[in-house]
Every structure is written in C-alpha cells, then in structure tokens.
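What follows is a set of notes on a single structure, which appears directly below.
We call the chains A, B, C, D, E and F, going by the order they appear; numbering starts again at 1 in every chain.
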Amino acid sequence: MAKQFKRILITGAAGRLGRVLREALKDYAEILRLTDIAPLGDLAEHEEGICCDLADFEHVLPLAKDVDLIIHAGGVPVENTFELILQGNIRGTYNIYEAARQHGVKRVIYTSSNHAIGFYDRTETIDATVAHRPDSLYGLSKCFAEDLGRYYWDKFAIESVNIRIGSSFEEPLDRRMLATWLSFKDFTQIVVRAMQAPRVAHMIVYGMSNNRETLWDNRFASSLGYIPEDSADNYREKVFTNHPPLDPNDAAARYHGGAFAGAGHFEDKT
Amino acid sequence: MAKQFKRILITGAAGRLGRVLREALKDYAEILRLTDIAPLGDLAEHEEGICCDLADFEHVLPLAKDVDLIIHAGGVPVENTFELILQGNIRGTYNIYEAARQHGVKRVIYTSSNHAIGFYDRTETIDATVAHRPDSLYGLSKCFAEDLGRYYWDKFAIESVNIRIGSSFEEPLDRRMLATWLSFKDFTQIVVRAMQAPRVAHMIVYGMSNNRETLWDNRFASSLGYIPEDSADNYREKVFTNHPPLDPNDAAARYHGGAFAGAGHFEDKT
Amino acid sequence: MAKQFKRILITGAAGRLGRVLREALKDYAEILRLTDIAPLGDLAEHEEGICCDLADFEHVLPLAKDVDLIIHAGGVPVENTFELILQGNIRGTYNIYEAARQHGVKRVIYTSSNHAIGFYDRTETIDATVAHRPDSLYGLSKCFAEDLGRYYWDKFAIESVNIRIGSSFEEPLDRRMLATWLSFKDFTQIVVRAMQAPRVAHMIVYGMSNNRETLWDNRFASSLGYIPEDSADNYREKVFTNHPPLDPNDAAARYHGGAFAGAGHFEDKT
Amino acid sequence: MAKQFKRILITGAAGRLGRVLREALKDYAEILRLTDIAPLGDLAEHEEGICCDLADFEHVLPLAKDVDLIIHAGGVPVENTFELILQGNIRGTYNIYEAARQHGVKRVIYTSSNHAIGFYDRTETIDATVAHRPDSLYGLSKCFAEDLGRYYWDKFAIESVNIRIGSSFEEPLDRRMLATWLSFKDFTQIVVRAMQAPRVAHMIVYGMSNNRETLWDNRFASSLGYIPEDSADNYREKVFTNHPPLDPNDAAARYHGGAFAGAGHFEDKT
Amino acid sequence: MAKQFKRILITGAAGRLGRVLREALKDYAEILRLTDIAPLGDLAEHEEGICCDLADFEHVLPLAKDVDLIIHAGGVPVENTFELILQGNIRGTYNIYEAARQHGVKRVIYTSSNHAIGFYDRTETIDATVAHRPDSLYGLSKCFAEDLGRYYWDKFAIESVNIRIGSSFEEPLDRRMLATWLSFKDFTQIVVRAMQAPRVAHMIVYGMSNNRETLWDNRFASSLGYIPEDSADNYREKVFTNHPPLDPNDAAARYHGGAFAGAGHFEDKT
Amino acid sequence: MAKQFKRILITGAAGRLGRVLREALKDYAEILRLTDIAPLGDLAEHEEGICCDLADFEHVLPLAKDVDLIIHAGGVPVENTFELILQGNIRGTYNIYEAARQHGVKRVIYTSSNHAIGFYDRTETIDATVAHRPDSLYGLSKCFAEDLGRYYWDKFAIESVNIRIGSSFEEPLDRRMLATWLSFKDFTQIVVRAMQAPRVAHMIVYGMSNNRETLWDNRFASSLGYIPEDSADNYREKVFTNHPPLDPNDAAARYHGGAFAGAGHFEDKT
C-alpha cells in the first residue's frame, strides 16, 4: 500500500535514537525530514537534512512546513547545566510545538524520559497518571515538555504521544536496566504504533521492552497496541556476572531514575 | 464426564451469537432450550425450540421452567426506535429475570455490550467499575439490564455474568474492530467460563479477543479465568489495506462505541 | 433584578416535592408550567397547569415548548409493579428528555433517589461515582433515568442535575432518616442551586440536609454550591423516644435504602 | 513572644499579593527583605528593599543570603509572550530555588496558580493530586515551578508550599470568582500557616476562601491547618446583579481557569 | 427514656480514658461493670468492679457474662517490652473478643491508637482505609486488635468500632497535639455515638477533636455521626509560647505517631 | 560466578515448603542454615542444622548470627488453637525479626498466606494494598507478621518480602486450587527473585502460578520480576472429574481463603 505519511520531521536525527528512527521509518513516509545540530552525514533520496539549533525559533519554524507528523527526539540528552537545558529542551520543545501549530501539524511524538518520574522508589509500581517527580534538571525539562503537550492538546487540538524512554541501548548495561531496558526494535515499534494509532489525544506511555522486572504499568496506553517483543532477561546472566549486587539504599537501586536521582546538583560537578 | 447442565435456555438463538452458542454448547447440557422470535430451523435431538416474543411475560415465564442456566442473548441487537428497544430489551430482559426468579434459576449469562460505555474516549482505558456512558438507546437498554441483574443478585441471589461484547464477527471489519473484535471461538470460551465458574455473584466482563490494541481492562474479572486465544492482529494488514486511516476526531476513532456514538438520534434517521 | 427564567416546567407538580417547588420557585420564573396526572388545584396568575400522563409522548411533547428549564419530579414515587414503573418512570422520563431535545430545552433537573444506590451497606460512605445498586424496581427506574440523562448530555448537550433525594419530609420519621433526611427548605435550595449554576454538564448530587449522620459524600458536586442549613439532629431525641433501636442486621439499619432493600419482590406483596 | 523568623524574603513585593504580604507579615519576622523589578516605595525600619530582575542569577543569588524563608510571589502575573514567561517565571523561579540551595534556605512558599490546572471542567471537583492541565503559557510556568519545587525537595530537602491562588482581589469581580475567590485576609492566613507548619515537605494547596461554590478539594493539605474565614457568598447578589448568567459552554463557565482557557494563543493577540 | 443498655463492660476502667468513661456513661446503662488490674476505688450503686489481668482467659471469660456491650480500653497504654505488650494487648484483646463470642455480646468498642498508623508522614492526610504502619510494639498490638475485630466480624458477626485515639488529655501538651488532640468531652461523644449507631459492622474511626490542623480524614465513618465540638486551637498560643518550633525532620514533626516513631527499639532503652 | 550469599537461614526447613527450599537454594549460598522443631534428617556438607522452638528467643537469637538473609517459613502451618498460634507464629516471628535486628541481617523473606485476606469474596480481584481480612487465627498471625515486617522496615531498615502463598502442593487438589495453586517450581522462583531483587523495602506479593483463574493482581510487585511458569490449568480436567461443582454460596467457592473462612472457630472443633 501507499506510504501513510508524506513527510515526517525527525528532530535529533543524528542522536542515538534519532539514527534508529532514520533507518526504521523510511518505509512509512515518502520523505523523512531530518534535523540536528550535529552533522547528519550523507542523505538518501527520500531524506531532507537541515542543520538547526532548536533554541532558535526562526530556524525551527520552517522545519514544520508541509509536515504530517513530528517525532521530536532532539535536545540535550542527559543532565547538563540549567542554561543548556533551558535552551535546548525547554525553549527548544516550545519552538517545535509552536511551529507545529503555525503549520497545522496535528500530531507530535515526543521522546520523554523516565527521569520525569525518576524519584519514585523502585518498590513502587507506577502508571502514567502519577505526579511528576523529576530526578534532574534534564528530567524537569521532560516534565515541562509533557505539560506543554497537554496545553497544545487542550487548547489547539494538537495530539501528542509522550514516550517515557527507559534505557534504550543495544543491550542492558547494568542491573538497573534489567527493568528499564528498551530495545531499539521495541523503540521502533512503539513509535510506529504512536504514528498509526487512530487517536491519541495527549497520551503518556512508558517505553520499555518486555522485561521480567518492570517498574511501570502501561495499561492506560493499551489503546496504542504496543506489545514489546524483546526482553532484558536474555542478558540477565551477563549483567549479573559483570555487575555486583547493588546496595538497596544506593540511588542506582533505590530510584526509578537510578544514578540521576543520586547525583548531586549539576553545578557541583563542574 | 457427565454433562454439567441438564437444561440451558438460550434466548436469541436464531441470532448471530445465538447460533454460535447453539452449536458450541451442545456438549455442556443434556438439553438446549432455544428461543427466538425468528425461526429456529430444524431441531436436533438435544434441542427444544420455542418461538417467543420476549416482551410477552406469559410466554416468557414457561421458558425458564426446569432450566439450570439462562444465556440471554435475545432482544433488539442494534440501535432502533425507543419503542422497540423498550419492548425487546427493557421489558424483555425484565421478563427473563423475573421468570428465572419464579422458576428458581440461579444464574443468568447476559450479552451486554460495549455500547453501555460507548461514550468513553478511545484514549481512556476503562475497567468494569466505570460509570455507564451509553452511546445509543440500544446501549441504554444494556445499562438497564446490567442494573437489573445487580438488583436480582442483591435481592434474590440470582447470579449474573454481563459480557460486554465488543464486535463479534467472523473477522474484524474495520479499523475500530482491531481493538474491539471478539472471535466466535473466544465468545464461546467466555460463555463457557461464565457457566463453569464456581461463583460469579454479579460480574461485568469485557468480551474481546486477545487484540494488541485494547480499550478495556478485564482484570476485575480474572476469577472467571477467561484468556482469549484469537487476535485481531492477524487481520491488521487486510484491514489497513481496505480501510483508510480515520480522522482522530471522527466518532469512529474517538469513542469506544464508534459510529454508535457519532450517529444522531434514531428518530432523526427515519 | 429580573427573574432569571421565563418559563420553568415542573412535572409531578401535585406531588409532595412538586408542591414544595410550586411554592418556592415562583420568584425565579415569570411562568411556572405545572403538570401532573393528579389535579393541580387553582392556578395563580404566574402558573400554567396541564394534566398529563407522562407515558404518553403526544401529550408530553408540547409540555416542553417555550420552556427554559425542566424540573422533572413526576412519575411513580415509591415501589410499584413493573408495569407502572415502566410506564410512569422509564417511558415517562424518556418522553421528558425527548421533548426537551425536540424543543431545545438545555437543562433538566431530576429528582433521582437514594434507592438507585439503596443496596450499599450503611457502614459504607459512598460518593456519586459508585456503581448503581438499586434496591427496588423504583430504584431501578431511577438508575435508568440517570443513565438516560448521561446519554442526552453526551449526545445532545442537554445538561442534567440528578438529585438523589434522601428522605424529604416535614421532619425525620424514623431512625434511618436521622441520616437521610432532606428538609423542604434544603430541597428548595439544592434545586435553586442546580438552576443557577453556570454549568452542570451531567451531575449527580445527594439531596440531604446537614445531618450529623451521613451516608453520602457530596464533594464531587461542590461546584453546585449547595450547603444545607437544616439538620435531622434537632429531631434526634424525639425520634429516639418514639422508635426503638434497630437490629443492626435488619434491612432498615443495614442498607442505604432502608426498608426498600429489605422488602421482597413487589409482586409477592400483592 | 519573639518573632519566629529573623529575615523573610518576599519576591514580587510591589505586586498585588506582595503588597498584602509586606503589610501582613511585619509581625512575623524581624526583617522583611523585599524585592521587585518595580519600585518598592519608602522602606520601613524592619524592611530591606532590593530592586532585582529575577531572570538574572547574579542579582538573585544574594537575595537569599541570611534568609530563613522565601515567599516567592514574583514573576509575570498573567498571560504574556513565551519569552517573558520564560525569563520571569521559568528562569526566575529556578534562580530563586538555586539561590535558596546555595544559601541554605530550607523553605519556599510559592504563589502558584489555578491556571496550572485551568483546563479541568467546572463540573470536575479536583484535589491536589491531579495531573497538570495548564490553560496558558502563564499556567505552564506555574506547572514548571511546582515540579521544580518537587525536585528541590526530593534532591536537596528544601521544603515548598505551592499555593494555587484562585482569584485574589478585594472582592469577587465576576460569576466565576464566586467559586475561585481568595480574600486578602485568607491569603495572609494561608501564607502564615505555611510559614508556621512544623513540616510541609512538598505540598500543594488551593488558595480559596470559604466559598459556597468550590472547584477544589483541599483535604490533602489538612495538616497545614488552613481554614478560610471569608466567603464570596457575601458578594453573590452584587455579582448576580452586575453580571449576566454565563453560557455553560463558554470558557468562563466551563473551565477552572475561566477566560485563560478560552483565549487563543498569546501571539495571536499581538 | 429508659437506659439503652442493661450492662456495659468497661476494661481499663482505672486508666485515664477508662475513668472518663466511668463517669460519662453512667446515664447510658443500668450497670457499668468495671475492670482493671489496678484498683478501682469505691464503687457506686450502678457499678460492679472486678480486678482482672486481661491476659488470663479464666478470669476474662466471666467478665462478658450478661453484658450488652464491651468498651475495651484496657491493656498496656504506651510502648513497653514485647512480653508485656504480648500479654496485655495481644493475648488480652483476644481474650476479650473470645469472651464476647462465648457470651453472645454483639458489639465491642475498642480504643485503638494513631500509633497503628504512626509511620505515615505528617504531610500525608490519610483515611481509615490505608495500610497499617505501626510505629512501636504498642502500635503493632493495636494493628493486631483491629485485624482481630475484623475476623470476629467476618466470622462471628460481632461488631466493632475501632477508635484510633489521637492524644486524649486535658489539653494539648505540645505542638504535635495541635493536630492530634482529642478532648475528653469529644472522646465521650465518639464512644456514645459508637454505642448508639444502628449498625457499625467493623468500622475504623479517628478519635480527634475539631482541630484546625488535621492529619486524618474521617469521612468513611460519617455514618457514625461523630462531630467533635472542642478544638486544640484554643490552646495554640499557649502551646506556641511553651514549645519551640520543631525541626521538620525530627520524628515529632515528621510522623503521625510523633516521638513513638522516632524512638529506638524498646529494648535499647532498658 | 560465586554464590551470592554466604549463609542463608531457613526456618521451618522440615516442613513442606522448607524442604523445597532446602533442595532448591543449595546453589545460591555457601551454607544453608536449617532450623525446625521437627527432625531435619541427614545434613549435607553445605548445611547446618539446628533444632529450635521459634517461641524461645534464647534459642532463636543465635540462629541469625553471621547470616546474610533469612527465609522464614517456620511456625504453625494451618489453623490451630490460639495458644499454639500465639507461640509459634506471633511470638516466633517477633523473635526472628528481633534476632535479625540484633545480628544485622538486612532482609527477611516470609511465607505469608492468602489466609491473611481470606474473607474477600471470590468475585473480588484484589491487589496487595487491600486491608487485611483474616479468615482464621492462622491468617490473623500472618497479618501480624506482615505488620511486624512493616515496623522493622520503617524503624530499622530491615527489608521484607511477604509472599502470600496460595496453595502450594504437588498439584491442585480441588476446584479452588485452580485459582490459588502455586507449584513448587514457581515457589522456588519467587523466593529466588525476592533474594536477588536489588531493593524490596517492605513488599507484599501473591504466590500463585500462572493459573488461568486468578483472584490476585500482582502488579504492585512487578519490580520483583516474578513470572510464574506453571499453571493449574494442566490439571483442570482431572480436578473437574474428581470434584463436583461447588455451590456458589459455600465457603469453598465464596471466599479467597476457601474452607478456612467457612470453618467455625477452632475451639468449636475440639
């Protein structure tokens, strides 16, 4: 059948998750418009590449032109100074939504993060309705973006799927990721489901693979039809061998956000 | 082993779901007593056939005589005028319960409908405890029947399982049914489980197959032991090919009840 | 200031609560249109009187013409045969809503009843979100009417306030009414608040005075601004003197609906 | 007895609420340190006045020196451009918390706003645990500040009381304020209770007077001991006389945030 | 009118609360049977006095003979060694319920304690449905007694009212008691209401006066009709003068149970 | 890799579940310290055996010396007299926790029981947050132990996993066990997961296999990573053949705890 989308904008296309999407979504849209502040490399025929600082609205606005859907994976990807977070994530995400509004884009898929709720205790199983508990300035910017999406839905009827990414790597890198891991294949699946779902309104969903250990209850997003296929358990022995047991009171064991919750203030580290 | 039931009454036995049960339940009861207002065709040795208008109590009362269990699938099966809904579904279901009471039948299995909660938004995952939100006069009559069953349980200790049927067809017929489909095999299973469960009191359960997309959370009915085996996903490509994407604000995409919620008042259509 | 309403329709205007409203609302509307199946007595200048059987749509339809607001207090007021309940309350309430729809009336205030939730145990404090548990055919018809109002709101944007009347008499008549009593003054207040509230959508509120004992939590209706001023406690000594203590397992002590829950099936009584 | 606090910092001290606090808190601290970007007028003996742009961290940092408690009422007080909201409210509030952290201030009282949850429907009674639904960029910045306070509590043990101010004026100015009004006396009371409470952790409380109509359920903040003494009802007749009834579907009637929710995007207005 | 009860058994009648009841209940029963391990002093004509160790079933059993109602206020009243708690409170309360069962007593009113939930944080407002979080061995024995009462209700239909006493003294003795204080008059009222309520099944209610600060939400016990009349606020200034502000992280400020939660294990103290 | 634990103490090691653990855990610890009041048989090289009455603290204390982890499966395993339950389960479990505290053991895994919540109705699906409803003195002692574990976590930071064992036998023995069965293999798995989880705080989890029928919702323990592999359904036909259908009002059908809930008081049986 014909491709569902004419043109999809992917921000952060040079980042770890952006590169996954760049490869995975080529069958879903006639054109992938890619943007990043970092180099995008050679472009294929179905690709458009635009280098852009998301904090600069003048440059962000045209990104949304003639676009069916935005997948917003750009911004500062880990903890950083408030100034960088403010520019890249807070101002940057506002710019994306405002560009979407001005150009009539009707759906945004956003890579939110478990760090928006990183201060919950590991023994608390939470769903997508719990209050924010950011574990970092980075996590705080994810909270802001989720609320921003809510505002654009309530006021301007722009739909959002906020995917709270757990830990998306080739494989689980430590004991915490046995619970939080999201394989690239499952990440792709959840993005595709968010693209194809007939209606999403403003939805929050946890991005995790089918791990035996889970901290998150995804049932309120069941209309999305996301059913992960990979599992961190296949790496359990390897992780157990390479990583000693955690002290239950260490932040890495204690909090959903792991070390992000335990680390002191960013400025203290510099 | 011996058949568990001596005689089961099936109402609406000439209807789409009634025919499924007529075939599927022959091993569970020595006699299936079948009733419908439409012709029932030839009867097998283990079958009794009685033509009956459910709105007529004089005719309904003897249906329940010497019966172990009633499966009430009769009545008006889609939206219709208030008068027909009132007679076939409201009065008709009252007649069935009252006949059960007078003849000492202790359990009724009722084919309720998703249209009893059809006005919930697709992005809301609901369980069986939510308030009614009927999407039609038809759905309203299902709400009435559920409350009626509650009354007969609280006051007369007659048990009920209310199965809120999603979309029970040979296969999913449109994009909405990717979430709401209930295969005939799974329908049979859930009815059998409702028959065999040691205790059901007054229970509401969603009748859906193991679809990837789901709108309904069945966990409060887990004591029933219903685990669907079919899935609408096997038809996903076919449905995607034949049916264009839905506008997220169309009723068919927006509401649990789909087009029922969107349609205007029945009288307006005539 | 000018009266807020041009014409209010009061059904059941010859009944106990209808008479209270007939007197109390004369300052709120230029014309009170009164209807009942029983005689209405002499009419004042600001009154219109129409004798009508609510079960007859042809007669109900014109009642709603040129009306700003309907207060629907008519129908069978206590337990009765299914046939009478069906005609007076189920068909009758449908007729009222349908007449409202056809004539563009935008708000209906309905005297629902505690008997819609009469089978809850006295030791359970419930709010307006709990599932229906009717204690009688009468209570069942109240459940139907509440769901009907929900349908007309969701589909046709007709607002409803469903006031679940406790026990509205001159004074509390037995020990149960120490909890469920609603004075006529407080009944009037809650109706007026329901009339004046800027927006009610589909709201359920308990109609009770400021009794020390309460079974119902009204907090979800706080936007209505109803604050009762009378209290059953002023009658406590009198009631204690005249009525012996209840056995905690008698229906009158056990259930929200009191004796309605305990009584057997109506037909058994005849 | 001796004053409980040595030095309290009040931001936004030249604003409407800041002026109320400047007058009201003089008995609670030996020194009130006042700051605003606008002129503060003559200073009393117990006052220190510092003109400061909250967006400038270099100037904000010394504000928190030798301070026992911060009452943060500064920033942009109504809807404005994203740029001004970003600087005054997002960056500004971060600067306040960061200054508190660096100077060891242990409690911040923040004038949050109903506009953080302004898109809830008037017929929904909400408590302080519901998800954010900002109705404006202004409301969005209040959401950010609440999450920021949560972060500083979870990570740095700085306590916060977030007072979601309803409508704090001399008297209720329109029909919506019959529900949302907060008198200056009650505002003062809630701030004092937030100052004196032995422990607040990170608390959200609604700032409303004892209005008959209420949209907000404050029970989760009952440990604060705030019991409002004024009521909008004393102004009910006056408001009814001066303001016509609202259409139930107008934003002013429909949403907690009133006209903020209804207004289009700020940029559209310029 | 005649006294409602023939004979009420009060355990712990020589204790602080027992003495209050001995005086207050003389008008409610023809005979008060008083028991304690400590001397009871002179007996009035309407009193029977029996010295008894509650841990000794042979002596406890006859206490319940010919009794209408038991008010069980006996046992170890503060933290103590496990051995004493086990004998006086765990075994002792079992003996009381078992004696009630053997002699057909149908209702027990028990002075439970806030220390059954003493480890909740002061900023959490809890109701009677929350899980136990005992702050001491004493509190643990109160949890046991509440569960024991549940068992005797579910299995033997013996009703219980568990009153979680806050701090019942002549007046509030420290800052924490501004929230937890229960005046003797209010204590008497709640006991009388528990005696007179038509049905209590197994109910948990918080025993607190009408204090401005509250940690507990009593709405689930509203059928009891308890409305406190005293308030700790009348002592607020006196308490503030005599007691310095608390550190928010001290146990006395932090936990519902106050110092009980902060103290180390009992054995450590000996 | 090296064994995770140096020495694990297993109480009740001669009991049905204790013997399963004795065999299953030999690969997880260098030494298994086994204790029971019954004979333990021959000891393997990696085993230490100590005969001990758990009610005797002097003998229990040294059991916890040099131990990494305690698995407490000892005590009276079914309904018995209060005296035996008090000694073996209440005093016994206190002794275990107190020994753990004195010797610095940081985690206890406890075989709690469904009989702690045995009075819930079969048609109620419950999770681990519901209030206790013990069905027996045995179940009551399990409630006590769960609350005791909560106390030792809140006050002394000793972690607990309370596994509410359903019915752990070789195979399901009756119709009720189709829902409650826990295979020995799954029992072993859940214990191992409780041993290896990085942090458990105070957790309650239901111990059941992957049965089609379930009464319990384990989602709040999802961080444990327990995914049962066996299912009672493989025995369904056999059970159906050997056991007739249950009356829905018999205790065995009605309550989570089955016959325990139905049986009268223990003393009545002797």
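Convention: contacts are C-beta pairs under 8 Å (C-beta built on N, C-alpha and C of every residue); 3 or more make two chains touch, one makes a residue touch a chain.
These are the chains along with the protein names UniProt gives them: A, B, C, D, E, F = NAD(P)-dependent oxidoreductase.
Every value quoted in this text rests on a predicted model; they were computed, and no experiment measured them.
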Copies chain D and chain E touch via same or different residues, half shared test: different
Chain centre separation (chain B, chain F; CA means) in Å: 41
Chain C and chain F, separation of their C-alpha mean positions in angstrom: 52
Computed distance of Cα centres, chain F from chain E, in Å: 32
Sites on chain B at which at least two other chains make contact: none
In contact (per the touch rule at the top): chain pairs: A-B, A-D, A-F, B-C, B-F, C-D, C-E, D-E, E-F
Chain B residues touching chain F - in the complex, by the definition given at the top: 1, 4, 106, 157, 159, 196-203, 219-227
List of chain F residues in touch with chain E within their complex: 82, 86, 90-91, 94, 98, 101, 119, 129, 131-137, 139-140, 143-144, 147-148, 150-151, 154-156, 261, 264-265, 267
Interface residues, chain D side, partner chain C - complex: 121-123, 125, 175-176, 178-179, 211-215, 217, 240-241, 245-246, 248-249, 252-254
